[in-house]
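Okay, so subunit A shows up in both of these, paired with subunit B first and subunit C after.
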Partner chain A sequence: MTAPAQVLLLAQRALVQFPRNPILLGFSVMPVLIMYLVFGGLFEGVAELPGFPTDNYFEYLAPTAILLATVPGIGNAGVALAADFQNGYFQKLLTTPTSVGAVMLGRLLGDCVRLAVQAGLVLLLAMALGAEVATGVPGALLMIAMGTMLGIVTFGAISANLAIRTRDAAAVQAIQPMAFLLIFLTSAYQSPTTSTAACCARSSSSTRPSTCCGRCAS
Partner chain B sequence: MFKLERAERAGGFDLHSPADGAGRERTQRVAGLHLFAWVSVFVGMTTSSPFVGTARSPLDELIGPARNQRLQSAPPLADAIVLEGLAKTYPDGTEAVRGISLRVAAGESFGILGPNGAGKSTTIGMLGTLVKPTAGRASVAGFDVVAEPTEVRRRIGFAMQQAGVDDFATPKELMVLQGRLHGLRKHEAVARAGLLLGIIELDEEADRRLATLSGGTKRRVDLAASLMHLPPVLFLDEPTEGLDPRSRSGIWDTLDRLRSRLGVTLVLTTHYMEEGDRLCERIAIIDRGTVVAEGTPAVLKATVARDATLEDVYLYYTGRAFEDARVAA
Partner chain C sequence: MLSGYDWGDIGIGFLVIAALGAVALPLTARNYRRA
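Right after this comes the complex of A and B.
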């Protein structure tokens, strides 16, 4: 059996697992939805700032929400690999003519499909909240694909390698908040013209972001 | 046959008056049917179960095609497993295995006995390509475990001390995946999984999630998964640990038949002396990473005392003196 065929088989195994683990499915998408809705609602006024690129803050946040679904979400692939180590299944797979790389890629590919579906759901929610994808369906698909690929090559690779090194699901899980921190450092939250901090600096000494943004908008 | 006789008695065939052409023709037809029936019975006797008249067992069905393939493939090696000064020192300085040299003949059943921490699992792990040796060399089925690990893996089955199963999968799914990773086609893997599940008496649990099954059942599934590609060499690390006596006996029977019918080379580590006695033609007792005794169970017993059991041998060689020897001293 060729290596790509092995990767596909192992990806299929991961895909079969997901519906059997509703907690994973639920808790990997819920934080993203909550953050998207909370931040979107909290900073809605920012969209009224002069020069803000769109009049709908949910639309502005949509690509970030997709990244929030894909980048930290791919960390679950590392957790699953570490769990396989802990219950001995990883070693079992290594007694077959399968390489470590194929096992890792199979898991990442399976999670990649899951994340693409979850990212699609987030995008549908964004569209329900008034967001528009200017480039249509191809643009939406490209956005999801890019978000998923970015997740794999960045946090996915880190978490999978950490799983192989530590063989400890808890250790891999512990680095997941780092992915959120990295996303909060992106321009979606830290643009010099639209960030809460910049807004507050230009207005009063209020420390409540919603008040601050409301004042800026007015 | 009985149907034919009944038909004759009912007057369907006139065997005793072959004077006319039609009667002769009928006689020839009946004779032909008799001949065909006998040839069928003869072919059945020579190619399937030795128990004529009974249905083929799942194990026979499983072994049959593989046996033919095995016979058509390259002739077996004299030594299926060779270890020469094999050693493993972990990065923290622990010397788990200190230069073990052994040979296991093709088709032989070889046991590795020893106390906890003696180096049994590390040794078997190196042979199974899961642990990289730090010194010496080892070959399995003619392939070097370090230089040609993939070739080794194609030819081995490995049931680990900790049942290596995916809790989200069902036994059937797990076994089919294992078979497919070994290159079986999907329909072959599905059929073989079904047969193996029958052999280990887990037909009813075939589609239940492994998370819901007991530890002993998981071990049986793990062992069955190791047999999916009917490997010429089978490594079993404490294969019946945690199993009830009935399951243990069933697994011993299966292993015995696999070995005798397919010529599988069996290497197992065990704590159960009864298991060593029952399954192993030769035994190596390992302590502190070295082989302290090696031989057939009978020879090993004879070196310790007359009427000694394998447990006495084990205790004698792993540091605790044989009771009679101590009394005599």
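Right after this comes the complex of A and C.
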């Protein structure tokens, strides 16, 4: 069996496992939806600032919400790999002609499909809240595809390495919140010139707040 | 159909993902082979 066929077969194994555990499917996306609704609701008024790129803050936040679903979410692949070490399935695979890289890539690919579906749900919620994807369905699919691929090559690789290092599912699970920290450092939340916090701080000390906010948001 | 896209930024995005993947995935596979 060729290496790509091995990867696909192991990805298929991961996909077959997901419906058996609906709690994982449902609750792994729940924190993202809650954060999206909370942050979107809290900072909704920012969209009313002059010069803000959109009049709907949920629309502004939607791409980041997709990253919030895909990048930390791929950490579950590392948890599953560590569980395979703990229950001996990984060692069983090593007795077959399967390449070790295919075991890791197959798991990441399987989780990638799950994350694409969950990112689609997040996007549907954003659209229900008034967000529009200017480039239509192809643009939405491209956004989801790039988000899932970024998840694999960043936090997916980190969690897979942590799984092989610790061989402990709990340890891999423990590092997952660090991915949220990385997302919060993106330009959607932090920017030296346009950050919401910096803008509010300047506007509260300025004699003409609206002018200040307009300048920093544009 | 292809209008409205910022192809320059999309290209940079794919390049970054490919570069990260070219570094991270072979390293991870190597770590798994060594395990």
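The rule is simple: the second predicted complex is superposed on the first by the 198 of 218 C-alpha atoms of A that agree within 3 Å, B and C clash if a C-alpha of one lies under 4 Å from a C-alpha of the other, contacts with A are read in each partner's own complex, and residues count from 1 in each chain.
Rule of thumb we're sticking to: contacts are C-beta pairs under 8 Å (C-beta built on N, C-alpha and C of every residue); 3 or more make two chains touch, one makes a residue touch a chain.
Because the structure is predicted, anything quoted here is derived from the model rather than measured.
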_On the A-aligned overlay, A:T96 touches which partner chain: subunit B = first, subunit C = second, or both, or neither?_
first
*asked:* Under the stated touch criterion, which partner chain does A:G41 make contact with: subunit B (first), subunit C (second), both, or neither?
replied: neither
*Would you check which partner chain A:P53 touches, where first means subunit B only, second means subunit C only, and both and neither mean what they say?*
neither
_Tell me the contact category for A:G139 with respect to subunit B and subunit C: first, second, both or neither._
second
*Is A:G130 touching the first partner subunit B, the second partner subunit C, both, or neither of them?*
neither
*What residues on subunit B touch subunit A, complex-wise?*
128-130, 150, 153-154, 156-158, 160, 162-169, 173, 177-178, 180-183, 209, 222, 225-226
*Hey, which residues of subunit A end up touching subunit B in the complex?*
1, 6, 9, 13, 16-17, 20-21, 84, 87-99
*Using the touch rule from the top, collect the residues of subunit C that touch subunit A in their complex.*
1, 4-5, 10, 13-14, 17, 20-21, 24-25, 27-29, 31-33, 35
*asked:* Which stretch or stretches of subunit A touch subunit C in the complex?
replied: 100-101, 103-105, 134-135, 138-139, 142, 146, 149-150, 152-154, 157-158, 160-161, 164-165
